[in-house]
Amino acid sequence: MTAETTKQPTPAAPAPAPSDLSTAADRPDVKMSARDVHVHYGDTHAIKGVTMNVNAREVTALIGPSGCGKSTFLRCFNRMNDTVASARVDGEILLDTQDIHAPEIDVVQLRARVGMVFQKPNPFPKSIYDNVAYGPRIHGLVRNRADLDEVVETSLQKAGLWDEVSDRLEVPGTSLSGGQQQRLCIARAIAVNPEVILMDEPCSALDPIATARIEELIEDLRQRYAIVVVTHSMQQAARISQRTAFFHLGHLVEYGETGALFTSPQQEKTKDYITGRYG
Amino acid sequence: MTAETTKQPTPAAPAPAPSDLSTAADRPDVKMSARDVHVHYGDTHAIKGVTMNVNAREVTALIGPSGCGKSTFLRCFNRMNDTVASARVDGEILLDTQDIHAPEIDVVQLRARVGMVFQKPNPFPKSIYDNVAYGPRIHGLVRNRADLDEVVETSLQKAGLWDEVSDRLEVPGTSLSGGQQQRLCIARAIAVNPEVILMDEPCSALDPIATARIEELIEDLRQRYAIVVVTHSMQQAARISQRTAFFHLGHLVEYGETGALFTSPQQEKTKDYITGRYG
Amino acid sequence: MASASDRPASRHRDGGRAQWHSPAMTRRIRRRYLGDRLFRAAGLAALTAAGLFLLLLVGNIAWQARTGFFQTELRLEVAIPADVAAGETPGSPGFGAAVDAYPWRSVALSALRERFGADSRGDLASLRGLISRGGAAVALRAAVRDDPTLIGRRATLWLPASEPADQWAKDRDAATALSERQVGWLESFAAAGDLKTHFNGRFFATGNSRDPALAGIGGAVIGSFLTLLVTLAVAFPIGVFTAIYLEEFAPQNRITDFIEVNINNLAAVPSIVFGLLGLQVFLNTFGMPRSAPVVGGLTLALMTLPTIIISGRAALKAVPNSIRDAALGLGASRTQVVLHHVLPAAMPGMLTGTIIGMAQALGETAPLLMIGMVAFIVEVPASFTEAATVLPVQIYMWAELPEAAYRAKTAAGISVLLIFLISMNALAVYLRNRFETK
Amino acid sequence: MPLVVTLATCLLAGGAAFVLCHQRALALEAERRCTLHSRPFHHGMLGAILVIPPGLVFMLVWLMAGNALVNPMVLDALPAGAVPADPALRDLFLNDVHNIAHDAVASSTSPVKEQAAALYAELMARGRTIVWLLTLTCALLMGALAVRKVAPGWRARDHVERGFRYLLIGCSVVAIATTVGIVLSLLQQSLDFFARVSPIEFLFGLHWSPQTALRADQVGSSGAFGAVPLFTGTLLISVIAMAVAVPVGLMSAIYMTQYASRRVRQVAKPVLEILAGVPTVVYGFFAILVVAPWVREAGEALGLTVSSQSALAAGAVMGIMIIPFMSSLSDDAITAVPKSLSDGSLALGATKAETIVQVLIPAALPGIVGAFLLAISRAIGETMIVAMAAGLAANLTANPLEAVTTVTVQIVSLLTGDQEFDSAKTLSAFALGLVLFTVTLALNVVALRVVRKYRETYE
Amino acid sequence: QAREQIRVVGSSTVSPFASAVAEEFGRTSRFRTPIVEQTGTGGGLKLFCGGVGPTYPDVTNASRPIKASEVALCESNGVTDIIEIRIGSDGIVLANDHRGETLTLSLREIYLALAAFVPVDGRMVANPYTRWSEIRSDLPDTEIEVLGPPPTSGTRDAFNELAMGGGAAHVTEPVSLDLGVPATCRPGNTACQEARAAGTLQWVAPNAADDDFADVRAVRFDSLAAVEHRHPSVFEAIAHYIREDGRYVEAGESDNLIVQKLLSNPAAYGIFGYSFLEQNADELQAARVASEDATFVAPTFENIESGAYPISRSLFFYVKKQHVGSVPGIQQYMLEFLSDRQMGTPENFFLDGELPARGLIPITGAARQTMIERAKNLATLERKS
């Protein structure tokens, strides 16, 4: 099945534009790249031969109707699909120039390098401080308490939360508001100093004001990290991303510059979706 | 609080256009009408003084951001809010010319006259036949098995499901696909021969193809019933409805002809929402 | 973390990446994985320990029980005296009574004495130690009742062996209670083919007895059955109805809150307290008969009720609200919604809970001790008000008897009880799996 | 007229009422071509509901009071002097009369008794006939009423549903009645007890020796009712049990939820369930036969003196009993932690063990604490294991190798055997029961609070 | 609820005999099998004397004769006609697992080992002995641990009277009774409680009525036997008061339970009836006991029958005559109990009788005839003075 799909891209998913097919090694600003990735959940073929790059210092948005495989594809980048017993991932995914499925790659380290933020804010039931310090502690990134304090402070600053919580680092992370919790989760991901940040509908559980704050934050973070965002809101994708990938039924239908994709989609499917013909 | 809101419409919810305030009794094609309806869930004020009509042989769409009260308002029309212990409904709702909260109205009979279809298809764990036959049976609408067979068949036909299931009426309703299940639920509602059909996001759990089928069906059904549809998709509202009501934070912000509302919204809020500024 | 001078935090802030492949980091990773494996091993060890406990428990009991289901018999030529039921015509009630009343034990002893020609008092005592005198009497009585022509003739009959002889036949080294002479006699029986150990069917048919050869669990099984019948008849409808009321009808207020807390607490009240309740209410206040299955059943019903209610509520909760909404939306009344849709959907779950509750009741001992179900009862009970005992109590009573034979009987009784319980639990698990997946 | 006939009559009448009302409703519907407020079925049900319960009440009353009604009539009818004057002897006389009347073995027969038995049988028969007539009359009246009531506007459904709801409420009351019964029966006897022995002495006394003299001229033991040794004994055994059950149960739960493959779970879950289903009397047998000798031998091999009924043996076996309870509750607590939390930790690069120890367990802690409390309350209330494997001597000791006794053991030993209902000795069992009930109640209330709060955080 | 079965309660010593008889009775007669519950002699008599009627037991077993106080209790509840049947005798043995050491004890030593208060240096003090060897140097050097029956038991009463009382009577050293403070007092024994509260060094038996002690305080007696002579109730309060410091363990009514517990602990000794020794002869051994003359006698069938073994007592059961003729089969049950096939033929009772095989030392000869006559004539107990 996998082989077949690789050889003959189905009509619904025409090959992406040639520029996007060039590998990560060729171009310096490519941070991660997926080549002919297939994901199966048991008998469900959730991702069907997707090939695309993620550029450094850019926000890449994944859009598409519900169940099209956005989250599944996102979770390939930090091998979170390993935690699902029934999931099987085929194809190659490169971080810089290294295949993340290579045996010498340790998944624990990979996940430290490719951070993740989830749809529902999920702070640990610990203090704000411990939430942020959790990653550096388990990875042994700091020598002493002072260093740790510093890491926690910078991470919270980068996540734009420092001013709001600096005086109550010891309260439980769960006592913050939804938007604050989500920023805490971002700070937590930043604290281990990742190279890529994956975000799966980071705003869908938040109110409009909190959403706006996170969107601003994403814009800030883009300066340092490669960011991949799944969103169900086309408006949001248009607002925050430089590149957008449109998925449909597990296929990557279209991938390109965000502006171009929304104004002049190449594919009929994309167009129908953008104009609200379905979904 | 109720009194206050009634007297002074808050700025966010300016009074709807005068034409819509005329009562059901005045105009022959008004099927149901709500007058100054407030709904409280305990301390939450979910619907704040809404007045609007539902016309016969028309599809009325309720749109608005999540949590604005669309479902709550819809459920006022068949008193489904009675089943929520904490809910309190004030104001007047007329079916034809009769207040549905009047003591002589039996809620059981009201719900037979005002049918409902839910977001998630919810067939009973019984055979397809029994699903459709349930309503006629409990209301004693048929004398004998032959009559019942007929009712089931016509209802399934009207719901556009007959051709697909006529040869397997005894299989459980839950074994159908999502779209078929939803049509089964519609058939079930039709079987008791209602005058009004309420639908709460009837397509949101369905795939695009099933959605299209249901949308067609709604267009068909409009010939006989007054239909109220809640939807989160503006595109859908535009496609299927004759009139659209836009809700925001429990207020009815704007109500009017669908075409007009989408092309030239009267309210700033409506415009922002339609253009994807929030929600 | 290559060198000490290199401050990781500053590196961190500078935007420099951690050196994931430094030796220190590699070591650290290796240590972390080791910790992971150790933790996992500890979990596996705990689970294995639990499994081993079960194996040990069941294995040990099965081992103990292996002899409990068997009984040794000796073949003897018995001279049936002519004066049995003199003057009665066979088949008349008088004949039966006379046969019943005849001192068969001495007849059996005479037969032994004849075979080995022992005469001294000590010898006779030793001889008598070979057969179960009560068992022999029962066997002789039955033989003569079946075939009255035996009277006055000699008959060759299999008679149950005594408890030490039985032990000897089952395990020749373990039996220490026999004298050398007795062992010699037994060996001669065995050599002559007059000794056999066979499956003891009686064990499942009779009640308690002072004679291990006659003691059975039949009475206790029937007692348990009668008791559980009462429990089921009371607890199931009340439990189901209560669950329905609380889950589907009760308004959310103080009173229902109180009932709910109450039921949760009742589920954790020690069973012996229910025994105290039964003693005080059913026996002392209502004056119901002591040791009766009806009292035991009622007491256990009160104890099982919370289990059924709680599982019933869980089953009702598991019925999706969308079904209720659908029915309500069609104009069904609340009662109709519950009876037509919710209850049928919840029934498997409720049955599961009920079976588990019944299994609990079947294994319960302590409350029944309080209401006098620990008496020496020979007859198999025939009604709900007759004195009876139940399986676990019978096991408890046997467990405290000193004779070795009763130890095997205890284990055999436990095996029977466990088979009942495991099948009940298996049924519950099956029901749950069957309907949970839907 | 046997009661069975009356019952059948009653049920038949109910059925008939159902059919009649049902038919009438159908006819009405057909004739007026209108829909009734209620379905014919409801009209029928209402008929049945009106007819059947009164008959059942008559029969119940007869069952409970019939004998009491007939016996005096029998006695009055007999010639003066034939019946013993003493009420107790009269009971015995009646016992025989009943035996004769029921054709059971009677100890002795006499003409008077025969006569009384005949009279008794006749009166009982007459009484049953009267009950039958009453049931029938009532059924006819109510049935007629029900049929007459059938009309388009008659809200039969409302009435039927109200009846159903009363039935449900009645059933719920049983649960409360049980608690009230427990509290009242324990309280009444305990107050009696505390009138003889001061609660202070009972709760704080260090000496337990309840076997008092039965007669004035007997020398029993001193009758000391200081229950502290029982409390400490109970506590000691419970602590040992928890020391076995908590680590094994918790780690099993963690392994099953986090590491085990589906297949392992499929085997392990039923195994634990079987362990949970083994009756405690079996554990008791296991304890006295296997574990206690082991503990003793092991201790002696180490040069320790170990009592044959050591707290260690009883506690360890009780611990085994509690393992499945602990593990299934911990399992619930752990699975209630949303997957997003462990995902969050794993996504940061934590290993599984780190995630479990640092995120999962802290998050599930309230649930685990609740499980712990419930398990302790179970250990405290457990009876059979300790009744068989623990001692009877009330030693005040913390040494697990010595024999201690527990509250439940004492209740059993005080209430089996001698049954006199007015001595402090017997009453003390109820006082102990009250303590047991109170303590487990408190533990449960706290545990359920904790667990519920915990569930709310993740719902 | 009509009762068709005989209900038997009472002594655990007699219970095995009674249940064996009941079983055989049910099997061979047209009557239903009686139900036998063990409640101890005292407990049984208490239930038995509760009243007349179907709710009260018909028969109670006893391992000692009924006491005057119990007769009075019965009478006050309307149980006026009681038939006493003596069925034989039984020795009370002090036994342990055969892996442990055998004891040879005099009654005096039994008293010293088990009493709550013993005379030491002329004063009554709380029992100081913790090891057998402290009582007599050639006794085993193990802790005293004795499992015995509670006061509801007839075995306990008989043991108190024969062994404890008999032993105390042989204590020859002079003692005065005014020393010692009891640890606890029976509820209601005010003198005891006051003395304890005041901390005064008085000897107040926790179980005795106050008046008994009014004239013995501060008096010096030559021996405990002298106390017995002059103040029998005071003597009983001293001699029958068994220690409560944990060395004597009240192990419940079930003698089988005691046997079980002995088997798992060779250092412990148990007190129970001879039949239990007989039934477990392969695993238990009994202490040899001397009354006073230092000839230690083993509890064997012959020694108990002949009375050579000092701690033997008679076994009885009591029948409520008022129930005879109302509850079916009582008289037949009595006769079955005394029949040849249960008790054995007079020539060779041991061989033919079922009960002797179970360890009963049966009543024989004329005495048995008397009992059978009693059962036939339903002759009731003469009022004891």
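We call the chains A, B, C, D and E, going by the order they appear; numbering starts again at 1 in every chain.
Please note the rule applied: contacts are C-beta pairs under 8 Å (C-beta built on N, C-alpha and C of every residue); 3 or more make two chains touch, one makes a residue touch a chain.
In this text the structure is predicted, and so the values were computed from the model without any measurement.
Common neighbours of subunit A and subunit B under the contact definition above: C, D. Chain centres here are means of the Cα atoms, and by that rule the chain farthest away from subunit D is A.
Nearest to the overall CA centre, using the mean of each chain's CA atoms, is chain D. We define each chain's centre as the mean of its Cα atoms; on that basis subunit C and subunit D are separated by 18 Å. Centre-to-centre spacing of subunit A and subunit E amounts to 86 Å, using the average Cα coordinate of each chain. Chain geometry summary: the mean Cα position of subunit B and that of subunit C are 59 Å apart.
Rounded to a whole number, the gap between the C-alpha centres of subunit A and subunit D is 56 angstrom.
Those residues of subunit E in touch with two or more other chains are numbered 30, 32, 254, 260. Counting partner chains per residue, subunit A shows two or more touched chains at residues 108-109, 112, 138-139, 192.
Within subunit C, contacts with two or more other chains are made by residues 32, 333, 374, 400. Within the complex formed with subunit D, the residues of subunit E that make contact are 2-4, 30-32, 38-40, 42-43, 46-47, 51-54, 67-70, 73, 78, 150-152, 157, 160, 182-187, 206-207, 236-237, 240-242, 244, 246, 249-254, 260-261, 264-265, 268, 322-330. Chain contact summary for the complex, subunit B toward subunit C: residues 78, 80, 83, 85, 107-112, 115-116, 118, 120, 122-125, 134-135, 138-139, 185, 188-189, 192. Within the complex formed with subunit A, the residues of subunit D that make contact are 261-262, 338, 340-341, 343-351, 354, 358-359, 362-363, 457. Contact residues on subunit A toward subunit C in their complex (touch as defined above): 106, 108-109, 112-113, 138-143, 146-148, 150-151, 154, 192-193, 195, 224. In the complex of the two chains, the subunit D residues touching subunit C come out as 157, 160-161, 164-165, 167-172, 174-176, 178-179, 181-182, 185-186, 188-189, 247-252, 254-256, 258-260, 264, 268, 270-275, 277-286, 288-290, 320, 323-324, 327, 351-354, 356-357, 374, 377-378, 380-384, 387-388, 408, 411-412, 415-416, 421, 429-430, 433, 436-437, 440-441, 443-445, 448.
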